[in-house]
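Per-chain numbering from 1; labels A, B, C and D assigned in written order.
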Amino acid sequence: MNFASDNTAGISPEILAAIADANEGAAASYGADPITARLEAKLAEIFEHEVAVFPVATGTAANALALAAVTPPWGAVLCHPLAHITCDEANAPEFYTGGAKLVSVPGADGKLVADDLAALLPGDLGNVHHAQPAAVSLTQATECGTVYRPAEIAAIADVAHRHGLAVHMDGARFANAMVHLDASPAELTWRAGVDVLSLGATKNGALGAEAIVFFDVQRGRELAFRRKRAGHLFSKMRFLSAQLDAYVTNDLWRRNARHANAAATQLAGGLSVLPGVSLRHPVEANELFVEMPEAMIVGLFAAGGQFYRWQGAASTCVRLVTAWNTAASDVATFVDAASRLAAH
Amino acid sequence: MNFASDNTAGISPEILAAIADANEGAAASYGADPITARLEAKLAEIFEHEVAVFPVATGTAANALALAAVTPPWGAVLCHPLAHITCDEANAPEFYTGGAKLVSVPGADGKLVADDLAALLPGDLGNVHHAQPAAVSLTQATECGTVYRPAEIAAIADVAHRHGLAVHMDGARFANAMVHLDASPAELTWRAGVDVLSLGATKNGALGAEAIVFFDVQRGRELAFRRKRAGHLFSKMRFLSAQLDAYVTNDLWRRNARHANAAATQLAGGLSVLPGVSLRHPVEANELFVEMPEAMIVGLFAAGGQFYRWQGAASTCVRLVTAWNTAASDVATFVDAASRLAAH
Amino acid sequence: MNFASDNTAGISPEILAAIADANEGAAASYGADPITARLEAKLAEIFEHEVAVFPVATGTAANALALAAVTPPWGAVLCHPLAHITCDEANAPEFYTGGAKLVSVPGADGKLVADDLAALLPGDLGNVHHAQPAAVSLTQATECGTVYRPAEIAAIADVAHRHGLAVHMDGARFANAMVHLDASPAELTWRAGVDVLSLGATKNGALGAEAIVFFDVQRGRELAFRRKRAGHLFSKMRFLSAQLDAYVTNDLWRRNARHANAAATQLAGGLSVLPGVSLRHPVEANELFVEMPEAMIVGLFAAGGQFYRWQGAASTCVRLVTAWNTAASDVATFVDAASRLAAH
Amino acid sequence: MNFASDNTAGISPEILAAIADANEGAAASYGADPITARLEAKLAEIFEHEVAVFPVATGTAANALALAAVTPPWGAVLCHPLAHITCDEANAPEFYTGGAKLVSVPGADGKLVADDLAALLPGDLGNVHHAQPAAVSLTQATECGTVYRPAEIAAIADVAHRHGLAVHMDGARFANAMVHLDASPAELTWRAGVDVLSLGATKNGALGAEAIVFFDVQRGRELAFRRKRAGHLFSKMRFLSAQLDAYVTNDLWRRNARHANAAATQLAGGLSVLPGVSLRHPVEANELFVEMPEAMIVGLFAAGGQFYRWQGAASTCVRLVTAWNTAASDVATFVDAASRLAAH
């Protein structure tokens, strides 16, 4: 019953097989191999747009490099106060941008709201004493397990672009959002105004693979240099590209995400009806934030449940994360245990 | 006949199997898994010394993080002018250290010489106008395919330590050096005065795995923060650790390195006897630098040989690199082709 | 009627004279001159403590260098959301620290509150995913024109030190706070737990001179390197040191600050009794934040008043700043104009 | 007899008077004052070209900011191995550029040679593994006391521009070069292809004032942000601008430079005829590098001469620097002392 994180799950069999397949023979290094070339072509087709694609191995690298490409050192990135980039990356965006500032813009359910951004801008733009707003970063699905609708993204992007800011999407759980909305990759990105996407695969079945996807190819021109000087250019790049290639082939990303989302929905359904239990946010992806009685939390830990209290050791809100391979039996066992604890 | 680089070779079967084995079940993320714990213990045993181990995925990351741990932003790293850190990492050490300077100290066959360092130090130490020498970095095996003897390392380390400098070893081809000398890991590192080692596995059979190994555990205390903020902390760390674990298990690193070195020796033997052909450096690891007639270079390319001219499109020195899986038949075919071309 | 800022005022005559005096003959450069030596001795006496003193020319440099000395790149500086370091320095602290984060801790009247800090700490200390709280920075006098009492500073410092954080004081208006409290320099700094002080002189009569003052001399050991590599080491240092020396000689800093504070008090007294006018914060130094009717603001601008609306072009709160040389007649004229406008 | 450096000299009376004059009344801060506006207009006239001017207080700041404006973090700056930016700024260019590399290109008498640059370029341009040459920096007058002719600059700039590199001139002693050549400011800068100039005044009579001068105004667009976030934007900017304004008014810069150059010529003439004494470089500005017998060096120190041995405590080459106010009697006394020592 491991609901600690989707990154405690292993590698999807199709992706592991793709790594093994890619291991045939020698291949040009540093991305000059055919798998990497094929990946960029495939993503262009899937996203229905010219793209510049840069595979890296971690989500933090993808986010920090993407943000650095659109934010000068004296810039500011507007993001939700719960955003991974500001909470969980140990100042990686500050490092990669050369010292930019992350500015929090609160919003319900982990979402930025276009009107709130509009109220802030142009703000200090042009005033040399202040950090210059340069980018908006939104997380899809959000850190609260909710999902931005295309219209919400478009409204945010519209405000951003009107003031010259770029729009970055942290898509660590992009596929989970996509299947929830039954939207196309294009609808959730460039059609809604996203300029650069961190397309995550690691949490949804890869060993360690994320793609930085620029829809404005020119804007990504320098990324190759940034990636190399950060030590994120793999010599055996084919193995990153093979993961990503398998990920978007035969709908694997959608299948894995649907599995995880369904498990989350099943958990939510089973828990939310229990007395004293409530969901803090709508469950739209593969994360649940559940308020529950302290005794239930303690009991679930005792029953072997693996999960975290959300923001603090004394919190009675727990986070449950499902994965591409979460067993239905684990969900059922967990809900049963909670039910028994509720009945006490 | 791919002698372009050892990073064009794929994954050693034992390492691929280890990745698959590590894929069983869930595992705690970010290095809290049992494989990572086991790896550190195993390396401590192998190196016969307490160690702090930080797996990362690329050699550039390993070098840049290790150097940043021992060099302040106003510092200087003394290294050979051909060192990978100064030639081939696109300013990664400068990025990670926050702006330190790499100072070249020339030496024959890619090696730093203790006396040359001694002549430079203390130099500007303490003078606020100048970069402060903070570390010496040596590459084992060197960029010229030669190997430092333990006594050479010890002499360099002695000079460094006398002046308060740390000693870093870029061990991208550490195993190749080790088997050439038939020396123990300890003899080539802490016993000779090395403070921190970038232990490479990628070039010698891994998918992408290197270990930063601190022999002074205290000195590595901050590395965990540095690695995370650089985006080099893998969420599914077990798959990096599994590669490294397999790499040092059952002598795989030595077996792979012996294979590569033997192929290089075979190539050297076959080529060096040809008229107009000479070796620029002794062949002590898995790289050859071969002066040859222009017609031979052109002919070898035409015959399907893959390799690079060394430092410039007009150079008549070529670099040949062998790998853990270089086929003896490829070596033979290459030597034969060269022989025929020499006979013209 | 210039109340725009205390930095629109010129140089105090005593300080200009000191620059001229220092111009006699040649002097060793980069701080090896006798005036710089004398300054450090004098500040040690005034602060009743061993100090390491580093003169620089701007407040932003003083703050950013001081913070960099006590905060690693993966660190966080806790400060008030109105702090100059986070609002008005265009990411200088992020630049100098190599990418640390400034974390806002709100509090009434521009002040941090010890209990709020205690509630945050230890927080994420030790967790590699999060910025590591490394310093608390407080501004004396605050950005709201209020003043920390020694006991307030001591309570904050106590929390900070208990968790290993350093305490930095941005003393851009240190003298204004000192004379308001009639406290000694020691009482407001090291005796209350301050580790490093940015001692401002520019706003209070210097051409451009601030001293970074370390009470823990060891902690400042690297500052000389940091200052030089930032381009803040003056070759003709004697002229910075002469300004600071004159500033703390014959009580000039106190006299100038008393003058400015008195003018602020006079302004506050005259304005606060007018209908529709209120003070947003207590007036304890040389800044007033005054809510007033829009018509009064417009009228005062029309009458030649120079000042800023506070945080936004539509704001009906204005900031008035007095200086070491504010003319009593300007204050009277301004109050008279406001009175007439109030009477309409 | 202080020939230690031109920065041991004080402030030129005209410049000190200008500071005092600028002290009348209040003035808008941060460069919005009329003196700063006037300075930019005056420099445009003097340089016969549209310019963007950014006053700062130190030469290191001017150089590091200017280089950062034209060099990305993954870039390289080509410069002479003796250049101040690489030898004497404690990694400031690396800091300000975010980690660029300074690449030494040797040349006689402290000068870069166009053909040597041409041989290096395009070099690694476009190859992601290597630092990308982005700028050439030349020092006028050089660190050897020699002076680039306009044609030499133009040849260098031509190579640079052909490959997309910017041309920076470190003009710490620009006036000394200008008067030696009797050339116009335009001839030595934009007409010869210089894109950005660090125009020094400090060594030639200012308290501390340098101007970053962009001839391509667009290229300087971001400098205002860079300067502020580095803490180099003076609140009381008028006092920097007043120094620079006085410096270029009534030919002061030329008069001061002529005085210093003449003193150097006089020294060179007197010393070079002595037995055992020789000049290492032509004397074209205000610096001499003089090989002399050890006994003469010791004797001159004993006689009260202040100067440095050049590059090392054991060197028998000494550097003598004259200044805007070097007394003819000091030169005569020094030469006399040397003559007597030579006669022994």
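In this text, a residue touches a chain if its C-beta (ideal position, glycine included) is under 8 Å from a C-beta of that chain, and two chains touch if they have at least 3 such contacts.
All values reported here derive from a predicted model rather than from experimental measurement.
**Q** If you apply the touch rule, which chains end up adjacent to both chain A and chain D?
**A** Both-contact set = B, C.
**Q** Taking touch as defined above, what minimum step count separates chain A and chain C?
**A** Minimum number of steps from chain A to chain C: 1.
**Q** Count the C-beta pairs in contact for B-D and for C-D, then report the pair with the higher count.
**A** More C-beta contacts join the chains of C-D.
**Q** Indicate the whole-number Å distance between the mean C-alpha point of chain C and the mean C-alpha point of chain D.
**A** 34
**Q** Averaged over CA atoms, how far is the centre of chain B from the centre of chain C? Could you give it in whole Å?
**A** So the centroids are 50 Å from each other.
**Q** Where the CA atoms of chain B average out and where those of chain D average out, how many Å apart are those spots?
**A** The separation of the two C-alpha centroids amounts to 41 Å.
**Q** Hey, what residues on chain C touch two or more of the other chains?
**A** 30, 73-74, 89-91, 95, 98-99, 128-129, 132, 225, 228-229, 233
**Q** Which residues of chain C touch chain B once you look at their complex with the stated criterion?
**A** It comes out as residues 30, 72-74, 98-99, 128-129, 132, 222, 224-229, 233.
**Q** Under the stated contact criterion, what part of chain B meets chain A in this complex?
**A** Residues 2, 4-5, 7-11, 16, 19-20, 22-30, 56-65, 89-92, 95-96, 202-203, 207-208, 225, 228-236, 239-240, 306.
**Q** If you look only at chain B, which of its residues touch chain D in the complex?
**A** Of all residues in chain B, those touching chain D are 73-75, 86-91, 94-95, 97-102, 128-132.
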